[in-house]
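We call the chains A, B, C, D, E and F, going by the order they appear; numbering starts again at 1 in every chain.
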Amino acid sequence: MAWNIHKIVDDLQQVRHEWRVQQNSLKEEGGRELPSRAEIKKIMDDLCGILFPMRLGPHDLRQHSENFYIAHTLEKTLYALLEQVKLNLSYDYKYRKQIENPVDIQHLAEEIVGDFAEQLPKIRKILDTDVIAAYEGDPAARSVDEVLLCYPGILAIIYHRIAHEFYRKDLSLLARIIAELSHSKTGIDIHPGAQIGQGFFIDHGTGVVIGETCIIGQNVRIYQAVTLGAKRFEIDNEGRLQKEYARHPIVEDNVVIYAGATILGRITIGKGAVIGGNVWITQSVEANSFVLQSHASKSQN
Amino acid sequence: MAWNIHKIVDDLQQVRHEWRVQQNSLKEEGGRELPSRAEIKKIMDDLCGILFPMRLGPHDLRQHSENFYIAHTLEKTLYALLEQVKLNLSYDYKYRKQIENPVDIQHLAEEIVGDFAEQLPKIRKILDTDVIAAYEGDPAARSVDEVLLCYPGILAIIYHRIAHEFYRKDLSLLARIIAELSHSKTGIDIHPGAQIGQGFFIDHGTGVVIGETCIIGQNVRIYQAVTLGAKRFEIDNEGRLQKEYARHPIVEDNVVIYAGATILGRITIGKGAVIGGNVWITQSVEANSFVLQSHASKSQN
Amino acid sequence: MAWNIHKIVDDLQQVRHEWRVQQNSLKEEGGRELPSRAEIKKIMDDLCGILFPMRLGPHDLRQHSENFYIAHTLEKTLYALLEQVKLNLSYDYKYRKQIENPVDIQHLAEEIVGDFAEQLPKIRKILDTDVIAAYEGDPAARSVDEVLLCYPGILAIIYHRIAHEFYRKDLSLLARIIAELSHSKTGIDIHPGAQIGQGFFIDHGTGVVIGETCIIGQNVRIYQAVTLGAKRFEIDNEGRLQKEYARHPIVEDNVVIYAGATILGRITIGKGAVIGGNVWITQSVEANSFVLQSHASKSQN
Amino acid sequence: MAWNIHKIVDDLQQVRHEWRVQQNSLKEEGGRELPSRAEIKKIMDDLCGILFPMRLGPHDLRQHSENFYIAHTLEKTLYALLEQVKLNLSYDYKYRKQIENPVDIQHLAEEIVGDFAEQLPKIRKILDTDVIAAYEGDPAARSVDEVLLCYPGILAIIYHRIAHEFYRKDLSLLARIIAELSHSKTGIDIHPGAQIGQGFFIDHGTGVVIGETCIIGQNVRIYQAVTLGAKRFEIDNEGRLQKEYARHPIVEDNVVIYAGATILGRITIGKGAVIGGNVWITQSVEANSFVLQSHASKSQN
Amino acid sequence: MAWNIHKIVDDLQQVRHEWRVQQNSLKEEGGRELPSRAEIKKIMDDLCGILFPMRLGPHDLRQHSENFYIAHTLEKTLYALLEQVKLNLSYDYKYRKQIENPVDIQHLAEEIVGDFAEQLPKIRKILDTDVIAAYEGDPAARSVDEVLLCYPGILAIIYHRIAHEFYRKDLSLLARIIAELSHSKTGIDIHPGAQIGQGFFIDHGTGVVIGETCIIGQNVRIYQAVTLGAKRFEIDNEGRLQKEYARHPIVEDNVVIYAGATILGRITIGKGAVIGGNVWITQSVEANSFVLQSHASKSQN
Amino acid sequence: MAWNIHKIVDDLQQVRHEWRVQQNSLKEEGGRELPSRAEIKKIMDDLCGILFPMRLGPHDLRQHSENFYIAHTLEKTLYALLEQVKLNLSYDYKYRKQIENPVDIQHLAEEIVGDFAEQLPKIRKILDTDVIAAYEGDPAARSVDEVLLCYPGILAIIYHRIAHEFYRKDLSLLARIIAELSHSKTGIDIHPGAQIGQGFFIDHGTGVVIGETCIIGQNVRIYQAVTLGAKRFEIDNEGRLQKEYARHPIVEDNVVIYAGATILGRITIGKGAVIGGNVWITQSVEANSFVLQSHASKSQN
């Protein structure tokens, strides 16, 4: 053998020990109480099918039996979700001390999942406006079905609208895992905290970043590589980053932001404004204004 | 139970009903007649193996039995493709009214798949020029095999050259699903309508967008985050977007476009031109010119 | 049948023959001696579990039995890795003529894998600094666990630190496949050759490109769509690209580079410098300087 | 290579050609129109779950949502069954000439599957009597649930009662495949033609054979290795076996047949008779009689 | 549609309702608390690997790392087993009223699994005597490895010795499921209650039945289709079968029983006796005796 | 934790050590050199498809492309088989000392697999006679296709004719694993050493045992639970079983043996003899004789 397993295992244990000392997490934790990415992936696939049964559900579904499929899959999925919510709550209880009593977890989880389930029809309704927005906003779109089946921007907004529900209930791990599943598939990185109005459309989408405290109005259209980010980070007296304060843009209704534009800080892009490609904006923009990159390119030949 | 499945199912049905009323698609549709993303993924994997058997085929293939593998896999794959083509045609018949008679579908599909199959040797030949272009265009490339195995730009162009064949036959759903499979893996978004000459190379590639009506010449090289897009969208008398007119750039032979450049509208980048990184271009560029970003950065310290 | 399999198979064989003539690789090669992307994917999954057992290992792992899991998985994984290393060495022997004698391959592979295994504790230790950097560098991060589970930048640096070990041992195919697995999942493209110091953090990450000869110091932070690239390519007397010379930036300790910045050529970004978003830099930047985009945007309304 | 694939392929083709000449089936058949064992296996698993949801259904099913599960699974399974029924009918049309017109197949298949679906509650009801019979008939049975989960005799009778429905509709291939799935799992070989009354129990079961034209009354109990077979085969004028005439025993109500008994020919075992182990019977047995093996064993020591 | 799902679902519900009324199990049960056949199958596969790592463990295991494999797999498997034991105990609590307090279940399950784990070395040791017995008892056996890899009798005794441990702890469902997994694979039906001494060998095995209260000594050899069963069943005053009393044979050391012999009732087959094929025995047999079938066959020609 | 993994692992190691001391196999063996049951299962599935492409091949195969399928699958399967043959030979070299030089193994394995491949057309031809025999011998058989798809006796003879080829080449492990795969599926246990003529049919089959040195002529028909076994075992001077001498029956052409008959020892059942059910035979039987069980059953009522 060209390696000494025992020594490597011991050395790895030593490094983990140092990390745990450093993180004050020396106490043994038994099993792993963390939501599972693989489970959440399955849950999201099923939720997509529940929301759009004849387009994203099983390929052999027939319209007259949609409800059978939905009832069964929803029931199964909500129980699976319940497990993930409980794992998230247990984690919060152990590490983030936000829950006072572990016996509340089952009850709390049921309440959260029940509330979430009731939102599903509303979520579908608002997603329909997003599909319409995509179809109407892209000259290359041949049909609403092409939009649902093929557009990464639609997948990103389906995932976001679900993730945001969990973010609102302070299940940040669960929400974030959903967001990253979408980010990995689409290249679109929407923080689950972002508030987004109806009729939202991201075209192409690769490289889009939308920050945690963004507020986006209705009928906003965004292109690839647009950043709605923070301008600078507040630091507290001890030199640590402050977290969870409003630091990202407010984008009002009917705004269009072209590819590569970077909009930073808690500024407001007014109603109906159009932001040109590659523009860099750190101050508020008036309603209905049209912002272009000022420089010309130099040509040599 | 913390939720009422019956009520949620009913509410979801109500929302779907509203959508179908709005879309004039109330008529029950029976089974789902849509090409399947999962099936097309398998078909594309097999086509990659058929085109490059010793590099992208099964790991235990031997060179002396390439033809056995290809004959069997091709036969199987063309029948699988036939099913997807028929689903695409049925969809078009039902929703887009482009096909007059459903009985023609089998015959039409066979013709399309037969034509496609005949193109495969030609596709392989042009892909070989793309591999060479990548190897010669990237100082980091150690071998043509590294290019074939590892470069997302190669995967994107293999998928595109296949998707484009179906786009030409007006199977837009099928073509688009192929394109999005590639987009999701590589971050490179080439609309299947784009016409691309031989010896094409995209390096790194994340964020590249190439629009539907682009025409790209031979030996063009493109870097990450380049957009070849539309400048503005034409609107008809009723305020609806016009679709399917020429709105993206023409890029002539031997052009190089560096990372982050944005080129918009039906303009022409002339033969041999070099477009610098992050440049924003909305007007035609003469042959052999060299376009740079004009501004200097401001340094403070 | 609407197609003639025999003819297509023959035509494809003819095209492959032409390619092999052109590439001087006519000699039959028997089986395929290339590292397998699918195998390497499994190996990387297992290495992630070995490095962070309670976060990236199997969901039912318990802390008190970490070492059982690690010992078994490490042993199994190193043998699997040995196979891939041998395939890489065989390939190099056959095509790149860098190994003189095929009988050395088994011995050489064992040495490489043994050395790699010994590096694992050191790799974990440096990755811990990366996790801390992410947690401290992002106001949206709720915990170090959220960072490990959800941040694509962490996945990218885990993969890179492993890929770099193989790059250093001149196993470029293996290293490159690892890098592309990460690129495909995260949109972050780090060439395995890049040298990166501890405490490295990439936020959001989509579109980041880091070139082969980059040297990055400690505690560097980078945002989405940053390019650390080559400015131009050297060409030898016969007009061919020169390969493997230093052509990418040196980024010193504590530098921050905001989204979309493009930094090209063998220049140096001095200690503590801050590079603003979308900036284009081709000349060295002094320590502690702050570089901004100079132009203002034009607003019309 | 130590083998010549081309020659072996040609030789195999020649043998197949000879077979087809001999079988008068030279005409090319296109695709394979035969029910699929793998598909039928899935259908049977689902039917078991539909009939006994809380015992043989999915492990995570909850009683309050049984109906959601059943409605969805039944709908899906009946469509899957429809495909298999159509394949069986097509086969019969092509090879057995029993169906006059291929256009009737869809209609006929729907009728058959619809009839079958309506029988399911009745099938469940009679299976309940079989479960009770097993529980009451075996001193080792701890509960009715143990019987349902563990007893091969129960699995065999579930499969048989389903297979028999298809036999009655003359779908002999489909019925036979179901019977052989059960035979392979349990070692119990019940021809789908056998008519079996309620309250039937086979204990242990390995080696039991029940012939096509058997008629078995209510509350019959049978042990392992019992054969209810044909005594001799009728031969027609041309020396060929006659098929499909009554040639197996009639077993009346409340009969018990112990292990290894062999009962052959169209004889009647009268009500309440008890047949001892290893007995060989070729003539009818009166009601309430008790038949034993006559010989004593010889002991030497 | 040729069927009415709603009606069938309702009818099935009605039949289930009738069954539950009849079984006094109307109370809703929530989730299904039953050990899972699929989970137990995986556990048994892992236990086989733990007991015989280089023969029944993973194909790529190396002898020098046996202990890594065993430690990891054992830990994982015991936790998986714990779940199944808890399901069995919960079932017993709900339906068989044998456990007084559900809060004891976790504790009790840990105790049971802990005890079981400690027995594993002893189980391996006795299985080694079974392997030797098979090798020495069958002239067709070429090696002990052939015996371990191929002999269904060895698989049956491995499964039985494990199942028997759970039977002894009164986990009859779990024990029975293990026994039926073996029965289904091998055709050998050993009730988990049977007590079997070391050096036990069943050759061929199909059709062997060994009853719940059998006691089998050391170095016993049995051939296919042997039954060690009950002669008659005791009935209580209310006409119900009595359960769990001694009703199967005692087979003393060194007995050989040839194929097809049937031995019924609580009789004793004395040490060293040889029972000939197809013999029917219902009375005790003295030590060292040789029992043959008495009758001659009749030959006609 | 209710168990001590370290102690159990140590105890298991101690038991394995004792076994290895006892078996003189203390020398460490590195990897496991044994044919793999899972691999052989796949190989057998593919060989069934190669032999009967339109009946046992892939469900979507079309007749006009049989040869593509066969050529590709055969090539792949023969290489997979080569690996298993090499593992069998390595095992024989290490443990059974029958091969003198490990360097011969590759060459020898290729020769064996090459020879085997050439036999395939002949094997198909003889299997066709078996299919005909089954169709003509069972009044319940509706078609030759039903026989091929459903009859366990046909599966058993396919597996046997293949296993026998490897037995003839002294690859006893490989041959035995094939035989046990068939035994487990069908309950029919044919030792791979048995020599069986054409037109062989086993009906029902459960419990059939055919010994290693049996010689069976043409057109023999056998029913369930028939044993063709050894009468007694020869023991050498040291009291060990003698292996590999002729000890099983010779069954001449056109013999029929009914269910449950037991025929033991190196006797001859003459041409055309008919052996009745449950008969026990240990002496040769003349040609054309008819052997019945002599005893009558006793009836009481």
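In this section, contacts are C-beta pairs under 8 Å (C-beta built on N, C-alpha and C of every residue); 3 or more make two chains touch, one makes a residue touch a chain.
The chain list, named the UniProt way, goes like this: A, B, C, D, E, F = Serine acetyltransferase.
Quick caveat, the model's predicted, so the values are computed rather than measured.
Trainee: Is the contact between copies chain E and chain F built from the same residues on both sides or from different ones, judged by whether over half of the numbers are shared?
Mentor: Different, since under half the interface numbering is common to both chains.
Trainee: Using mean CA coordinates as chain centres, what's the gap between chain B and chain E in Å?
Mentor: Centre-to-centre distance between chain B and chain E: 58 Å.
Trainee: Just give me the whole-number Å value for how far the CA centre of chain A lies from that of chain C.
Mentor: One centre to the other, that is 26 Å.
Trainee: Roughly how far is chain C from chain F, going centre to centre by Cα mean, in whole Å?
Mentor: 52
Trainee: Which residues of chain C are in contact with two or more other chains?
Mentor: Residues 5, 60, 62, 64-65, 68, 71, 75, 187, 206-207, 225, 260, 278, 293, 295 of chain C each touch two or more of the other chains.
Trainee: All pairs of touching chains?
Mentor: Touching chain pairs, listed by label, come out as A-B, A-C, A-D, A-E, B-C, B-D, B-F, C-E, C-F, D-E, D-F, E-F.
Trainee: For chain C, which residues count as touching chain A in their complex?
Mentor: It comes out as residues 50-51, 53-55, 57, 59-64, 66-67, 70-71, 74-75, 78, 110-111, 113-114, 117-118, 120-121, 124-125, 128, 136-146, 149-152, 185-187, 204, 206-207, 223-225, 259-260, 277-278, 293, 295-301.
Trainee: Applying the document's contact rule, which stretches of chain A touch chain E when the two form their complex?
Mentor: By the definition above, chain A touches chain E via 1, 5, 64-65, 68.
Trainee: Going by the contact rule at the top, pick out the chain D residues touching chain A in the complex.
Mentor: Within the complex, chain D touches chain A at residues 58, 60, 62, 65, 68-69, 71-73, 75-76, 79.
Trainee: Any idea which chain E residues touch chain D in the complex?
Mentor: 2-3, 5-6, 8-9, 11-16, 18-19, 22-23, 28-32, 34, 36-38, 91, 95-96, 172-173, 176-177, 179-180, 183-184, 187, 189, 191, 193, 206-207, 209, 211-212, 225, 227, 229-230, 233-234, 240-245, 247, 260, 262, 264, 273, 276, 278-281, 285-295
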